[in-house]
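In the two assemblies presented below, chain A is common to both, partnered first by chain B and then by chain C.
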Partner chain A sequence: MAIIRVNPTRMELTRLKKRLVVARRGHKLLKDKRDELMRQFLDLVRKNKELREKVEEMLMKVHSNFLIARAVMSSEILEEALMFPKQKVSLEVSTKNVMSVDVPVLDFKTQSDDQSNIYPYGFANTSGELDGAIATLSEVLPHMLELAQMEKSAQLLAEEIEKTRRRVNALEYVLIPQLTETIKYITMKLDENERGNLTRLMKVKDMMIEQARQAMAH
Partner chain B sequence: MTVANDIQYAYAVARIRAIERRLLDRGKIDRMVDAKSPEEAFKILVDADYGYSAGEVSSAFEYETLLREEQKKVYKLLKEIAPQPEIFNLFLEKNDFHNAKVILKSEFLGREFDDILMDAGTIPASKLKIMIKDRNMTGMPSTMRKAIEESIDTFNRTGDPQSIDLILDSATYTHMKEIAERSQVKFLMDLVKVFIDLTNIKTFLRVKRLKKSWDFLNKILIPGGRIDFKVFIEYLETPLEGFIEALKYTPYGAFCEEGIIDYQNTGSLTKLEKLTDNYVIQFIKKAKYVAFGIEPLVAYLMAKENEIKIVRIIMVGKINNISNEIIRERLREAYV
Partner chain C sequence: MYKIGVIGDKDSILGFKALGLSVFPVTQPSEAEKVLHELVKEQYAVVYITEQIAKDIVKTIDLYKDNRLPAIIPIPGNQGVLGIGMCGVKKSVERAVGADILFRDE
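== the complex of A and B ==
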C-alpha cells in the first residue's frame, strides 16, 4: 500500500492520527447511512413494482376500452368528443428529505371534485364504451402520478446509494489503509531515529568514558 | 315543400335496387371477420368496390380513407338520383353540426382542428368556419343558428365545453325532425322519432350510470320522441326493472329488455347499443317492400352507414388483433 509522502515528524504523526480517527468515524457513519438507504430503497422498489403492475393493468384496460369505443365511432366524432377537456388538473411539486436525498412529492388537485363531471362530450353521438374508458383513465391518473413520484425517488435514492457506497469504499480501502500505513511508517522512522540517537549516545558515552580513563592513566 | 309523386321515384328506386345487391351480405362480413390478417379483410372491401381510390390505397391501415370516400359516394349518388335531393339534408345536417362543434371548440381552445372536419355536410366546412368566425350566420338554417348562438353564449358564461355538444346534439335532432315534418313523409317522421327515442334511452342509461341529477338529464334529453320525458325522469332514481316495465309497451320493449338486462349483468352498454342499431335496420327493412317512394333510398343510405360501422368494427378489430368473438359480439345486423 502506497503511503502518503510526508515528513516523518512527530507533529505530522499527531496530525495523521487525528485524520485516521475522523476517517474511521466517517466510515462508520457512511456505512450506517448506506445500510439505511438500502433498506428504504428496497422498500420503495417493492412498492413500486406492485404499483407499476397495477397501473399497467389499468392502462391495458383503458387501452382496450378505447379501442372498442374507437371501433364503434368514426375517428372524427371520437376526436371531436375529446378535443376540449373539461377537467383541469394542477400539479404541485414539492420535495421531501429522505436520508439527505431530496425526493419529489407530487400533489395534484382537480378543478372539479365531481367524478361524474369529467366527460367533455355530448351523449347523442358517442358510445357508452367511451364513458368507461374515460372513467378508468381518470381513475388511473392519481396512481400514475404516484408511480412517477416513486420511480423518481427510487432513481434518486439509487444514485445516492451509489455515491455513498463509493465513499465508503474509498474510505475503507484507500484512505484508512493509507493513513495506517503512513502512521506505521512514521512511527517506525521515529523509532529508528530514536534507536540511532540512543546508539549514538551510548557510543558518545563509551568514547567519553574511554577519554576519561586515558586521562586518569596519565 | 310538396311531396314528389311516388312515380317520380321509379328511376331512383330501380337504381337503388340494382346497387343494393352490392352491399356486403352476411357471408362477406363473415369472411372479413374470419380473415387472418387486416390485409385479407381489406381485400374484400376493395373487391366490393369501396371508395374511389380502392386501387391506390395499398395499406389496410388506410381503411378510414376508404370509408370516408364511400360515404361521400353514397351521398353523391343519392343527391343525383333523388327527385328531391333536399330531403337527404336530413341525414347530412348531422355532419354540419359536427363541424360546428369542431369549429366552436377550436375557436375557444385557440387551436386548429381542420383535419377532423367532415366534408359531407350541406354547408361546406370552410364556409361554415367563416360564418361562425364572423358571427354572420344568416345563411344557415335557423335552428342551427339559434343553437350555435346559444352554445357560444353558454360557453362564455360557464366555460363548459360539454354544453356545446349538448346544445348542438339536441339541435341536430330537432332540426332533423323539422326537415322530416316539412317533407310530410311518414316514414321519415317515424324514423326521426325512432332516432330520438333510441338516443334518449341510451342517454338515460349513461346519465343514470354517472349518477347525474334529473336536472342534467332534463337538459340533455331530446324532445320530440314517442317516449315522454316523464318516464325517464321518473325512473332515474329507481331500479332499472321499473324502466324496462315502462318501455314494455313501446315498440322498443323487446330489445330494450334484453339490452338492459345485459347491461345490468355486465355493466356495459355494448349489447344495447348494438340492439338499438339493429332495431333501426329492422325498421328500415320495411322499405324493401315499397315499390316507389323515398323509403328505399333512405333505407339504402342507412344500410350503407350501418355497413360502414360494421366494416370499421372489423377493421379496427383485425388491425389490433382483437379476437373474433369480441368483434362478432359488436357486429350489427346487415341490411341484406
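== the complex of A and C ==
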C-alpha cells in the first residue's frame, strides 16, 4: 500500500491520527447507512416485483376487453366516444425522506368520486364491452400509480446505494489503509531518529570521559 | 398540480384518455423520444410508455432515471408483455446489490 508523502514530523503524525479517527467514524456511519438502505431497498423491490406482476396481468385484461370492444364497434365511434374525457385526475407530489433520499409520494384525486359516472359517452351507440374495459382500467389506475411511485423509489434508492457503497469501499480499502501505513511510517522514522540521537549522546559522553581521563593522567 | 402522461401506439392507450390522463399516440421511436423530452420539461410526474415503444428508446429513458420526476414506467401494450418493465426492476437490483438476487430462480 502506498503511503502518503508527508514530512515525518510529530506535528504531521498528530494531524494524520486525527484524520484516521474521522475516517474510521465516517466509515462506520456510511456502512450503517448502506446496510439500512439495502434492507429498505430489498423490501421495496420485492413489493415492486409483485405489484408489477399484478398490474401487468390486469392491464392485459384491459387490453383484451378493449380488443373485443373494438371488434364490436367501429373505430370511429370508439374514438368519438373517448374523445372528451369526463374524468380528470389531479396528482399531488410530495416527497418522503428515506435515509436522506428524497422519494416521491404520489397522491391522486379523481374529479368525480362516483365510480358509475366515469363514462364520457352516452350508452346509445357504444357496446357494453367498452364499459367493462373502462371500468377495469379505472380499477388498475391506482395500482399503476402505486407502481410508478414504487419503481421510481427503487431506482432512486439503487442509485444512492451505489454511491454509498463506493464511498464505503473507498474509505475501507484506500483511505484508511493509507493513513495507517503512513502513521506507522512516521512513528518508525521518529523512533529511529530517537535511537540515533541516543547513540550519538552515549558516544559523545564516552569521548568526553576519555578526554577527562587523559587530562588527569598528565 | 402535476399531470400523468401516456405514450404508446394509439390502440393500446386510447382507454387511458377516458380516465383523464394525457394521451400521446406515437408510431415511431423518434417521435416518442421527442414527446418524452417535452413531457419531462413540463409538469408531468408520471409517464407511462408501452413496452413496444419503450424497447427502442431505452437510452432516452435511462437518461431520466436519476431525476426525481418524472417516473417513467413501462407498461405492457396490447401486443403482450415483453418483460421490459421487469427487466427494469431487475436492473435496479443489480445496480444496488451488485448481483441479481430476486430473479435467480427464474
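Rule of thumb we're sticking to: the second predicted complex is superposed on the first by the 218 of 218 C-alpha atoms of A that agree within 3 Å, B and C clash if a C-alpha of one lies under 4 Å from a C-alpha of the other, contacts with A are read in each partner's own complex, and residues count from 1 in each chain.
The rule we apply is simple: a contact is a pair of C-beta atoms (placed from the backbone, for glycine too) under 8 Å apart; a residue touches a chain by one contact, two chains touch by 3 or more.
This structure is a prediction, so every number in the text was calculated from the model and none was measured.
J.: Who does A:154 touch here: chain B (first), chain C (second), both, or neither?
T.: second
J.: Report the partner of chain A that touches more of its residues: chain B or chain C.
T.: C
J.: A:38 in the overlay: touching chain B, chain C, both, or neither? Say first, second, both or neither.
T.: Touch partner of A:38: chain C, not chain B.
J.: I'd like to know which partner A:132 touches here: chain B for first, chain C for second, both or neither.
T.: The answer is first: A:132 touches chain B but not chain C.
J.: Who does A:79 touch here: chain B (first), chain C (second), both, or neither?
T.: In the superposed model, A:79 contacts both chain B and chain C.
J.: Looking at the overlay, does A:141 come into contact with chain B only (first), chain C only (second), both, or neither?
T.: A:141 sits against chain C, while chain B stays out of touch.
J.: Just to be sure I read the superposition right, which of the two partners does A:71 touch: chain B = first, chain C = second, or both, or neither?
T.: Only chain B; A:71 stays clear of chain C.
J.: Pick one for A:59: touches chain B only (first), chain C only (second), both, or neither.
T.: second
J.: Just which bits of chain A does chain B share with chain C as contact spots?
T.: In the superposed arrangement, which is not itself an observed complex, chain A uses residues 67, 70, 79, 83, 85-86, 119-120 for both chain B and chain C.
J.: What part of chain C is in contact with chain A in the complex they form?
T.: Residues of chain C touching chain A: 1-4, 11-12, 14-21, 45-46, 48, 65-66, 68-69, 71, 73, 75-78, 80-81, 85-86, 88-89, 92-93, 95-98, 102.
J.: Which part of chain B faces chain A closely enough to touch in the complex?
T.: 64, 67, 94, 98, 101-102, 105-106, 108-109, 113, 116-118, 160-162, 164-166, 168-170, 172-173, 199, 202-203, 205-207, 209-212, 220, 222, 268-270, 272-273, 309, 312-313, 316-317, 320, 322, 326, 330
J.: Give the list of chain A residues in touch with chain B in this complex.
T.: Result: residues 67-68, 70-72, 74-77, 79-81, 83-86, 116, 119-125, 127-129, 131-132 of chain A touch chain B.
J.: Which bits of chain A are touching chain C when the two form their complex?
T.: Per the stated touch rule, the residues are 38, 41-42, 45-46, 48-49, 52, 55-56, 59-60, 62-63, 66-67, 70, 78-79, 82-83, 85-93, 95, 102-104, 106, 108, 110-111, 118-120, 133-134, 137-138, 141, 144-145, 147-149, 151-152, 154-159, 161-162, 165.
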